[in-house]
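Across the two complexes that follow, chain A remains constant while its partner is chain B and subsequently chain C.
Here is the complex of A and B:
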């Protein structure tokens, strides 16, 4: 488990389970991503480099983004892969519930930086057709996990 | 017209962060076929690998171009058959050196004593260097992300005894062995939930000359 500390709020992320699930969909998602000149989770606006006070909000946005725009948008035809995506999605739901238990108003203030960074991701996402964009975001889960890993 | 002399299995082969882009030619290669290679950082644009334009071999060393080991990369290759045609670009899967490199077997020094053997492990070197231009080992790199461990499996054919130990240090001693006895086994490096290639060894403890029959 990776514990993320946002003020007095602690959120646990089951990195092992998510990584395991991603390891089994990685090749499928990344091989189908034909837009290799587009990267959604760009290192110039990564989570670990976000100002401490904005990190919780940005993290919250990322969770919402994946839950709302990625996991349910992906048309994945194989049951094998669909089950892995569902398992990852459930993991994200658990993290989101934990985060919501924190008093997000005080714990997760949304400053300009968090909003700007999230808008960067969303604007790139929305420039693509929804299926390709969702597939790309899914194939970038390893980047998101790396961000979470690096976030102190 | 574009006829595609088939290129297959365009992929990165990486050991100890030496990153080689390789490909197979599907059918008999027409004489004079040459290959062009390009590479990119994921999210950026394609670039020619200058040393791998119009080449006849089926590999291209992209170690220098993929030095940032947490970055993600692609490479692609096309075949050019003189007076005929140019194939499509055949792309690799997304490649992340830190995730995809394989760690080779470590070097090991053994110092046998009468009832113990001391092991001194040297993790493989990589082509990468630090700011002081010192060559980095795989341990230098992976220890930034995880605890590196050394797993030793040691076996005695005489007694059919077998030990398996995991150590955090590169120097450790296995004791309570029998004098003048041969032991063999393997040593692996464990990193990021993965395991390196095994270093096999065969060592004999020193005889106990003090022992009087």
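Here is the complex of A and C:
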């Protein structure tokens, strides 16, 4: 488990389960991405480079973004794909539930920086049709996992 | 449950057997006349309930099977409550879905004390541990017989290899026991029985 510390709040991310699920669909997902010129999770606003005080909120936004906009678009894929997305999604939900237990006022304040970074992602996401955008975001999970890995 | 032309009943006695993070769904067979009954299993995690319109996902390996059990380990892949259901089919006739009574969370799996093999290789105290998969770690405790107040511990994450615990004193007897720990559910098994071995006597 990867533990992320936000103030006195500690959140565990089961990187093994998520990587296992993603590893089995990564290639086919990225191969279907038509908008190769667009990148959602851009290096210029990565999670590890986010100011410490904004990181928790930005991370919370990222989790909710994937839960609400990305994984549920994958119902139309093959059974093989659906089952891997379910593994990833239910582990994201576990993280989000832990994060929800944090005292949001002190440990997860939402400042301008976090909101601005999230809006960057959303604006790029909304330039594409929802299916293609969800596919791209799913394919960029390895970037998010790298961000999580690098976040102290 | 005898089926004779009546509407195909749904499977019954649906249960989960879960030991050491291996999870099986089992149910009672429908006794049918003629063609074998086929069963299909679907699962639904908390995500599917909260974000994906209560959708269900078929388990490919358990779609149209004759067996009355299904290995659901690969799909119970997060520590959240899961719903499971089974239905029967006979030719073109399909039964109602029968849903597991209550949700299943892998945090309730039964953790069994691990099997271990303790060896004395000359003066070296070695232990081989049962391979249970990547989710498992082991806490190994060992001590010199007669000095039970001095117990040493070692955490073993890779059970594929033989672990060297200690260089023993000649002729002394050492005991070892172990328990498993699963970080994903933050639970441990009980300790195994202790196994004791004796170091070779030193050559006079």
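The definition used in the following text is that the second predicted complex is superposed on the first by the 150 of 152 C-alpha atoms of A that agree within 3 Å, B and C clash if a C-alpha of one lies under 4 Å from a C-alpha of the other, contacts with A are read in each partner's own complex, and residues count from 1 in each chain.
The rule is simple: a contact is a pair of C-beta atoms (placed from the backbone, for glycine too) under 8 Å apart; a residue touches a chain by one contact, two chains touch by 3 or more.
It should be emphasised that the depicted structure is a prediction, and the values quoted were computed from it without experimental measurement.
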Query raised in the report: Aligned on chain A, chain B and chain C: do they clash or fit?
Result: fit
Query - More chain A residues in contact - chain B or chain C - result: C
Report task. Go through the superposed model and pick first if A:142 touches only chain B, second if only chain C, both, or neither. Result -> first
Requested in this report: Classify the contacts of A:1 with the two partner chains as first (chain B alone), second (chain C alone), both, or neither.
Outcome: second
**Report entry** First, second, both or neither for A:71, with chain B first and chain C second
**Finding:** second
Query raised in the report: Which partner does A:79 reach: the first (chain B), the second (chain C), both, or neither?
Result: second
Query raised in the report: When the two structures are overlaid on chain A, which partner does A:42 contact: first (chain B), second (chain C), both, or neither?
Result: first
Report task. Scan A:32 for contacts with chain B and chain C and give back first, second, both or neither. Result -> neither
Query - Distance in angstrom between the closest Cα atoms of chain C and chain B, superposition on A - result: 7
**Report entry** Of chain A, residues touching chain B in the complex
**Finding:** 27, 30-31, 33, 36-39, 42, 139, 142-143, 146, 149
**Report entry** Touch list for chain C against partner chain A, complex
**Finding:** 43, 45-48, 50-53, 55, 57-60, 74-75, 77-80, 134-135, 183-184
Report task. Using the touch definition up top, name the residues of chain B that touch chain A in the complex. Result -> 40, 42-45, 70, 72, 74, 91, 93-94, 96, 99, 145
Query raised in the report: Can you list the chain A residues touching chain C in their complex?
Result: 1, 14, 16-17, 20-21, 67-68, 71-72, 75, 79-80, 82-83, 86-87, 89-94
